[in-house]
Amino acid sequence: MSLWLIPALPLLGAFVLIVFGQQLPKRLIPIIGSGSVGLSAALTFALGYRFISSSASSFHIKAWQWMDINGFSPAVAFHLDALSLVFIFVITFVGFLIHVYSAEFMVHDDGYARFFAYLNLFVCSMLTLVLADNFVLMYLGWEGVGLCSYLLIGFWYAEEKNGYAARKAFIVTRVGDISLAFGLFMLFQQFHTLNIQEVAAQAAQHWTVGSETALIISLLLLGGAVGKSAQLPLQTWLPDAMAGPSPVSALIHAATMVTAGVYLIARTHVIFELAPDALMIVGIIGAVTLVLAGFAALTQFDLKRVLAYSTISQIGYMFLALGVSAWSAAIFHFMIHAFFKALLFLAAGAVIESLHHEHDMFKMGGLKNKLPVVYWTFLIGAGSLAALPLITGGFYSKDQILWLSLAGEHGHIWFFLAALVGAFVTSVYTFRMMFLTFFGKENTPVGHVPGKGMNIPLIVLAILTTVGGFIELPHTFGHVTFFSDFLKPILPAVTMQEEMESFEWLIQLVAALVALSGVGVAYYFFIYKPDQADELKSSAADLHSFWLSGWGFDKLYDKLVVQPYVYLSNVNKNDVIDKLYESVVTVANWLNRILAYTQSGILRWYIMGIVIGGILLMALALI
Amino acid sequence: MQVSAEYGLLLASVLFTLGLIGVLVRRNIIFMLVCVEIMLNAAGLAFIVAGSKWTQADGQVMFIFILTMAAAEVSVGLALILQIYHQLKTLDGDAANSMKG
Amino acid sequence: MQIAFYIAAFVAVLSTVMVITRFNVIHALLYLVVSFMAMAVVFFILGAPFAAALEVIVYAGAIVVLIIFVIMMLNQKEEAVDQEKKWLTPSVYIGPAILSVLLLGELIYIIYEGESHTIGQQVVDVKEVGKTLYGPYILAVELSGMLLMAGIVGAYHLGRQKKKVTHRFLKQTED
Amino acid sequence: MEFSNINIVDVLPGIFLVTASVLAMLSIAIKRNHIFIFVVTTTSLMGVFLYLIFYASNHKFNVEPLFVIDGFGTFVTGLIVMSALAVSLLSYAYFEQREERKEEYYILLLLATLGSDILVISKHFVSFFLGLEILSISLYAMVAYLRKRNKSDEAGLKYLILAAFSSAFLLFGMALVYSASGSMDFSGIASYVASNPTLPLPLFAGMCLLVVGIGFKLGVVPFHMWAPDVYEGAPAPVAAFIASISKGGMIVLLVRFFDQINGFQYPVLVLAFACIAVASMFIGNILAIQQTNVKRILAYSSIAHMGYIFVAFLAGGELGKEAVSFYLVAYFLTIIGTFGVIAILSDHDRDAELLDDYKGLFWRHPKIAMVMTAMLLSLAGIPLTAGFVGKFYLITSGANAQLWWLVIVLVVSSVIGLYYYIRIIAMMFEKMEGTDELALHPRLYLINLITLVVISVLIIFYGVYPQGLIDRIRDFLY
Amino acid sequence: MILVAFIAILMTGGIIAWIAASWSHSASRWISLVTLLVDFSLAISVWMNSSGLEWIEKFSVPWVPDFGISFSLALDGLSLLMLVLTFFLGIFGVLVSWNEIQERVGFFHFNLLWVLAGISGVFLTMDLFLFYFFWEVMLIPMYFLIGIWGHENKRYAAFKFFIFTQASGLLMLLAILGLYFVHKSNSGTGTFDYFQLLGTQIPLGTSRWLMLGFLAAFIVKLPVVPFHTWLPDAHSQAPTAGSLILAGLLLKTGAYGLIRFVVPLFPEASAELAPWAMLLGVVGILYGASLAFAQTDLKRLVAYTSVSHMGFVILGVFAFNQLAMQGVVMQMITHAISTGALFAIAGVLYERIHTRDILAMGGFWGKAPFMGVVTLIFVMASLGLPGLGNFVAEFLTLIGSWQANPMLTIFAAIGIVTATAYSLRIMQKVFLGKWQSEKAMPDLSLREKLIFIPLIVTIIWLGLFPQTVINTVKPMIDKQFKIEQPTSIQNNNGVQ
């Protein structure tokens, strides 16, 4: 079994790059960096093939016993099943493509080796996260990706704001992490194990549906998930995280790390199903997030920020799917999203690179002809994001969620409406971005044109985005269930509300129309009558800036948490308790001065002292 | 000759206290020394009273030793006063306060 | 004879008060002699004739004379008397007086608390004192010799006139 | 004259000291010679010590009516004699470099030692009084010995007036006690006390006045005010003498007297001493914290140390006595060592008494600085030093007697005390460039240094291996 | 005998190093290094050969028999680990001072080795008097280390350090005596022997007071808020080796005391105290973190992180379960290494730019990437990144304390977030951001690499293979919880 090699190879790569990075010839750096991930990807394919062809429901390998104290015995052990296979496939394969892309993208950067080292470390951590057989090891991966995210967001460390963004990302996700940790503590208290499989088995055995403990635990786990996956209320770090290089945004902040929350909930779905209330909260969080983030995306002018909000919004869809127990739909959307969002980020990276690091969409335009490969692949990605019907993978994955949010057992009309609004907005902002960037007149001259190293990953991802959708087709439309069947041993199929069955086609039609109308609206405002867009903007300036700032969450947290903390810390910089001790010293000195006054040097005064002493002693005798 | 012992001790106490007042109020070092002598003498009186009370010679013996000590002390004290007077040109006890704190 | 005791006591107290209130040292010392004399009477009344004699000889004689010698050496002038007047103001003596009265009050209270005892019926004469002194207290007498020796050596050293002695090691350092 | 009931051998130490002082005085009459008189002094002190070690019998007997020879007394006598020896060793160089007649000093030193020794063995008011006065009168002259120094005279005068004044209190107290009990002998007083169910008021008042005198000599609050001035004005070796030897005798006497009349059964008496102890510990330490004159600091420190000793004294019993004995050894060694350092650093104009004189001492004279550090740490009661074991002993005896409040006060106040000891140490380790020469002649310097090194070695030895000393003390006590 | 040798080697080494300095400075350095290496390898060999018994070695000779004081040493898993840690960090203490200390080199090494000897004594002794003795002995050389070779405000810092620790130590002495007398009145024999005192029956009221006495010494040393204020000053003013030893070892003696003495000697009283002690721990975690966040002096910052991290120790000790206790032991070791390393970094930086002000730093990564990586690793260790030893420690502590008191654990865990804030601030202010100065900023030299690489290896090793450590202390912890676990942890597997 070479399962352990999959995370180990990138780790080895990272190690080599960190230790010898300085001395290595530049040529060798991407080879080691991409190569290790590439090997991992190849191994994943081989292992995936073996997994599918074998009848085993999981592969398991234990490297060593990490700790063993009185029943608390997490091991460094990996567990491969269908769910983790999907994840490691996306991680290694998309990761590999992004590495390849980066080899060219980052070539002129000073921290070339460092960059690959971090990326490799990230891949290793992410793989550990999804392969871990127990929660403690998963937590290791969980925090590991947080670290890499921090390092990569702040990769260009000379800029103060990058550092700020990096720290923000780390700290905000850590808030979620401790919630996850509490969940683990409680799980351990309940079951005296943190092995994922055992926990699942025991949970099913010991808890009834609606159990309060299950609710608390699942909410705590959810806390971890929303942190990592940038869902409400911990979503604020992700837009800022765009300070990192574009491949980083593609890999970490779109394709893999941010979906860790999705993975966690899917992984612990047994617990969540025992707590329907928690599930509903997951759904609500997803629904609200996807709408809010969509509107925020609508007003951004930084190309990558649009994509960032779009990522938040799309993960909202995944959460919505999880919330209605549409497990495989969520994972399916995760996979397709990983493809197209990675594609979009990489393409956006190419655009920004070619425009001399210009991020403002309003300063772009007319790139359609200058960067044809980028244009076409971006278009495919955008189509997928906007879920243009029939031809895009995004359509199939998102459509499934739309449908299940209404028709699933836990579905609800409000979920559906939110998803629908989200779909419309998505479509609008996607094509707003498309039109602003590639159409219209050229505002900034094009410099560097991406070469083969960047184009090939784009093309591969474009193909995947399109093809990927066809492995899972709805009832009304081919009814391919390859993906959900594959996941069925792990993730149960969704139960439908029976009376809804017949409406499926209608819903799909609505979804398609909404997507297309979104394109239309975008066309109207940004190609046909751009003045109208400006008018609209100025007529609702407050709303615009409110959305632009991501619904003011940053400001809110700043006022509520950050500023008070910083203020209090700074006020107390010199430690008020220390003053307390200093006052003891002051009192002692004060006493000293008073007593020193009695030592006046005058003889008669001293005699008086003796007399007073004598009188007091005699008085004592008289008492 | 019969006197109550309390009266003897009372006289000693009064003299002792007068000597005490003298030491406390006079700034002239010689006066202080003299007043200390008065106090010592008062103590000697107390011993004599106690000796007669118990009709022992011990009281008087102690008085003799007090006398000896007073003599020795006065001699050393006066020598010191001479020294001080040479240096400070005054007999002010309060002036000798170069050390304090 | 009680009357004699009271008179002697009265004289002793009065003259002592005069001692501590005189501005002129010599006057004070004369009152002191009176006080000592009165004390000697008291001693005598109390049955301690030897002590009375010593009181007159040593206290009123030797010690007071010694002090007077020193005062003469110091050559105190009229200013000294004025100085004393200036020093002895109410603000100076009120505090100490209160303290002393407190102490005296305590002493009186304590003395009256004790059982009453009549004294002076029996004279402890010189012979008895001598036997005691040179009997059990013989070592104490030896020790009082040492006491006097310490006093003499000390007074000799302190009272000696100054003579500058330069040390052999320090010759180079001094000019 | 009846010497019949006195065995000469019993009081031999005293006779030895008397003889030595007379001899010294006679030698002055013939020819002044510093070295000779110094040798006489040291050899006689050494002789007394050797006598005590080899011939002193451990069983208790009385030399009626004045003296009592017992283990406790013998032990402390030995200690006093040894301390006097150390002081005289330190004095030689100190006085050698000063423009004074040096010879009388040794007579006074021997007489003062005799006085302290008398105090240790007295069991009678007469010997108590005479011992005290021999000690005091010698000290008046010793304090004012350097006549050229104004401070010295001033200190002598203050000490004289105050000591005489407190002696008057002491005597009056004695008279009251005598008048109440009819005896000046401790055992007589004790039997009178024992025959009365409650302490008669005059007797008690007499004791209070006695305490004034004793308290003055020990320098405990509120009779402490003379201490800093006298320490400051006195020549360093004399200050060492006052701080150690003159107090040692008094402590033993106090313990003996209190033991004999069994003062522990009178809560008021215990309360009085407890108040004095607490006040001494606190006030002594607090007064020192901002002081910049090292001699004054040591004066305040000795006030506090007397307070500490009072804890063991009040604890009483065998453990209390052992603790007092051990502490006296540790404290004597330390304080003499400390003043020895001051003496060694002093020049012929003034003593090295300011804190600034110690600035950078470690860089200038590392050896002396290390000695001083050991001394100060011992005063502060830090382990590895005898001071620590001593303090531990005190606390143990206090805890054993359930005097928890006193013990806690001891601990708290010794924390305050830490501050100023550490301050001196910190001063010594302050960085400073260059080395300056000592004012002393190298040969003289050697005598002092050897003495100091021996003292510090002893301090550390007793800190690391206290059992030897404890055994010794127990040999003597029981 | 080997136990005596551990201490004796250090002491003689110290004296030889002192003497040797008059001949050559580097001789003094080499002698100390060799001394520590010898002790370290001895300790390792003892570790290698240790069986799973609770007591690996014992040694005892009477010292002051009249008081029942003996020179009694014993080694169990906990002591062994602490001992190894002491020698291990001692080696780096010598190495970091190699260039930093140029004055009174001999005396410096004397003090360094004697501090370590005192600390070893504290970890080894099983006689309470001797314990107090060593407890104080380690202060004096430390005082000198701070007071002589410290930074600009050294006197104040040294004073504060000395007085705080002495004051609390004296309270402990009182408690030790109290215990002695209680035992004496119970059994008739007075002894300071730990094993004999262990089962002493003490009335609860007395026990409370005695425990508070012990506690005073330990929580000041640990330190627990509000008794921590000596620490920032001492740490920031000490020379690098001093800070390293203070943070790495001296604080651990407090934790060690809690585990060794407070809990076993006063089981009921400490059970009663537990919630309050845990509360203090939590307050310490949050308060320390908040102060660390505000500091601009790098060493001071790191010092406050120690306050925060040591909060976990008291939290874990009073959680009364094996997990937490194992966590505490891990925390003692890992914190020693990570914080020690951070102080070493501060020292290395100080040698280069002569300031500790992080506002005057920035962008060093570009010039000294190796140093950056090293710092990054230890910063991450300090914020508890999994894979590094500190994570294991904190996770075990928290998971253990959760079972004792979930509410407090929640607040304790918030400390992890605040730890992130201050840890990243170090990274940001020092290594990230713009390069501000024109000064040269050489990367780590070979000697410095020799310091940091073993530390990194150790911290990662502890993070990934903590079982070695866990097994070593297991017999001791097992024993403890068999004796006096006050209320058994509910093994609640049931349905709620």
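Labels A, B, C, D and E are assigned to the chains in the order they are written; within every chain, residues are numbered from 1.
Keep in mind that, in the parts below, contacts are C-beta pairs under 8 Å (C-beta built on N, C-alpha and C of every residue); 3 or more make two chains touch, one makes a residue touch a chain.
Predicted model, so just to flag it, every value in this text is computed and none were measured.
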item	value
Interface with more contacting C-beta pairs, comparing D-E to B-D	B-D
Centrality ranking, top chain (CA atoms only)	E
Per Cα centroids, the chain farthest from chain D	A
Greatest separation from chain C - chain, by CA centre	A
Rounded Å distance, chain B centre to chain E centre (Cα mean)	65
Mean-CA-position distance for chain D and chain C (Å)	29
Gap in Å, rounded to a whole number, between the CA centres of chain E and chain A	38
Intercentroid distance (Cα basis), chain D paired with chain A, Å	78
Junction residues of chain D, two or more chains touched	126, 130, 133, 137, 140-141, 144, 147, 156-158, 161, 165, 176, 179, 201, 205, 228-229, 291
Multi-partner residues of chain B (each touching 2 or more other chains)	5, 9, 16, 19-20, 23-25, 27, 32-33, 44, 49, 51, 53, 56, 58-59, 61, 65, 69, 72-73, 76, 80-81, 83, 93, 96-101
Where chain E touches two or more other chains, by residue	none
Pairs of chains satisfying the touch condition	A-B, A-C, A-D, A-E, B-C, B-D, C-D, D-E
Interface residues, chain D side, partner chain A - complex	157-158, 161-162, 165-166, 169, 201, 204-205, 207-209, 211-212, 215-216, 221-226, 228-229, 268, 271-272, 275, 283, 286-287, 289-291, 416
Chain C residues touching chain B - in the complex, by the definition given at the top	1-2, 4-5, 9, 12-13, 16-17, 19-20, 25, 28-29, 32, 35-36, 39, 42-43, 45-48, 50-51, 54-55, 58-59, 62-63, 66-67, 70-71, 73-74, 76, 80, 83-84, 87-88, 92-93, 95-97, 99-101, 103-104, 107-108, 111-112, 114, 116-122, 124, 128-129, 131-133, 137, 140, 144, 147-148, 150-152, 154-156, 158-159
Interfacial residue positions of chain C with respect to chain D in the complex	106-107, 110-111, 113-114, 134-140, 142-144, 146-147, 149-151, 153-158, 160, 162, 164-167, 169-170
Chain B - residues contacting chain C, complex	1-11, 13-22, 24-28, 30-31, 33-35, 37-38, 41, 44-45, 48-49, 51-53, 55-61, 63-65, 67-76, 78-83, 85, 91-92
Residues of chain A touching chain C in the complex	604, 608, 611-612, 614-615, 618-619, 621-622
